[in-house]
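Chains: A, B, C and D, in written order; residue numbering restarts at 1 for each.
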Amino acid sequence: MNSLPLWLEITVGVFIGLATLMAVWRIIRGPTLSDRVVGLDAATTITMVLLVMIGFFSNRYIYLDVSLVYGVLAFLGVVAIARYFEGGV
Amino acid sequence: MKIVGEIFLIIGSLFLFLSALGLLRMPDVYNRMQAGTKGTTFGAFFSILGVMAMRPEWFLKGLSIIIFILLTNPLSSHALLRATHRLGVPLAKKAIDAYAEDKEKGIVEK
Amino acid sequence: MNFLQSPLSPVVTLLSILAMGLALLAIYLKDLLAASVAAGFISLVASIIFLYLQAPDVAMTEAAIGAGITTVVFIIAVRKTERYEK
Amino acid sequence: MRLLLSTLVLFLLWMMFVASLDPQEIVTGLFVAFFTSLITGSVIAGKEPLKWLSPKRWFYFFLFALYFIKELTLANLDVAYRVIHPRLPINPGIVRVKTKLKTPIAKLVLANSITMTPGTITVDVHGDTLYIHWIDVKGKDVETATKNIVEGFEKYLEVIFE
């Protein structure tokens, strides 16, 4: 199969890894709870991309399903926290 | 096709990185949400487009992931911002806030 | 490639250290909702580790339970009791 | 009519998820789509199912998708410029805008599109007023904000959903 050159794998990996670390920093530091949830929301999308990338590098089609299921359920979690703020649940 | 996919992958991961940088640098929740939502959506869009360009047989599943991200990402940010404003988190500087004015007048319920 | 996918590869080690740090954060935070957000992130990292070690079914279950059900159950529990730890 | 339409939509969605032409999958998909649309058919197809068939609406939907992708790209270049700039050139605030759209689904699509355009994000929708957080406020009054933010999308969405 067609595989990527090594420098490109390293570049993509470093960019996505740094992005995840910065989202984690926002979760650790965030002054209010909303900041932490914003960090979690961004980290969810970054992780969906990361799961697709792992599926691409190891050439397995089934890995895309994990990404889709993860996106659906994390969206549910964020909406549940927003409902808590408004007094619902 | 392969070159196009590689370029898309680089663009997508670069925008993911930039949006996370915005998450780090912006002064308050609302501006962080601007960077977080837009940048991650665009970055995910281009990264998955790049993967689809290099693996054409994954087209349909990648398309469903892209449509899903485009639909749900604005929705969750919208719900979160509305709830945050209802909690009373203030804006950054001396910014105008028409939403709070209308809450004071009673046009929108608190 | 073989080395990179063994359980002792540097990627898995780094992700495990990240998960441990977030678990410590979830213990020491006084705001219980923030602690449940950190716990949600732990399940995210665990899902990446499982997928990296070539177990997609375990990763899918972890994503479903850790991200969806656990967060909602924690929020309902916090709603029934109180938000801040003494 | 409504039942047939929502069955078709759900079946296409199912085929997109499984992405194979195995007869087993197709039969299962038809059954699941039919029984789901028995329960939720009126929600998916809406009150006037004939709207789905007009080619003019689909053509405008295509134009809207192109415009949306262009705005999304501009938005991200804008965010990238503001993030990289050392002094963070922002001037944030929440403004009101008015919309002419009536149906709830059109307002939903408008709010989601505004979230993706340069420097704006929707905070709340209340009647025909949208409250929008703007990262670089150019004018406080309703007319300027409406002209800058809403009008580009409105002319497509009016044809598609109204």
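Note that in this section a residue touches a chain if its C-beta (ideal position, glycine included) is under 8 Å from a C-beta of that chain, and two chains touch if they have at least 3 such contacts.
Just so it is clear, the structure is predicted and the values come from calculations on it, not from any experiment.
When the partners of subunit B are compared with those of subunit D, no chain appears in both lists. With every chain reduced to the mean of its CA atoms, the largest distance from subunit D is reached by C. Interface comparison, A-B versus A-C: the pair with the greater number of contacting C-beta pairs is A-B.
Annotation: 23 Å between the Cα-based centres of subunit A and subunit D. For this pair, subunit A with subunit C, the centres built from the Cα atoms lie 12 Å apart. Between subunit C and subunit D the centroid-to-centroid distance comes to 32 Å (mean Cα coordinates, whole Å). Contact of a single residue of subunit D with at least two other chains is seen at no position.
Counting partner chains per residue, subunit A shows two or more touched chains at residues 37, 65, 72, 81.
If you draw each protein chain as a dot and join the dots that touch, you get a simple line with two loose ends.
The chain pairs satisfying the stated touch condition come to A-B, A-C, B-D. Subunit D makes touch with subunit B in their complex at residues 15-17, 19, 72-73, 75-76, 79-80, 82-84, 88, 90-96, 111-112, 115-116, 119, 121-124, 126, 131, 133, 135, 137, 140. Subunit B makes touch with subunit A in their complex at residues 2, 6, 9-10, 12-14, 16-17, 19-21, 23-24, 29, 32-33, 36-37, 40-41, 43-44, 47-48, 51, 54-55, 57-58, 61-62, 64-65, 68-69, 72-73, 75-77, 79-80, 82-84, 86-87, 89. Within the complex, the subunit A residues that touch subunit B are 2, 4, 8, 11-12, 15-16, 18-20, 22-23, 25-26, 32, 34-35, 37-39, 41-42, 45-46, 48-49, 52-53, 56, 61, 64-65, 67-68, 71-72, 75, 78-79, 81-83, 85-86.
On the side of subunit C, the complex with subunit A involves touching residues 18, 22, 25, 31, 33-34, 37-38, 40-41, 44, 47-48, 51-52, 54, 56, 59-60, 63-64, 67-69, 71-72, 75-76, 78-79.
On subunit B, the positions that touch subunit D within their shared complex are 15, 18-19, 21-22, 25-28, 30-31, 33-35, 37-39, 41-42, 45, 60-61, 63-64, 71, 74-75, 77-78, 81-82, 85, 91-93, 95-100, 102, 107-108.
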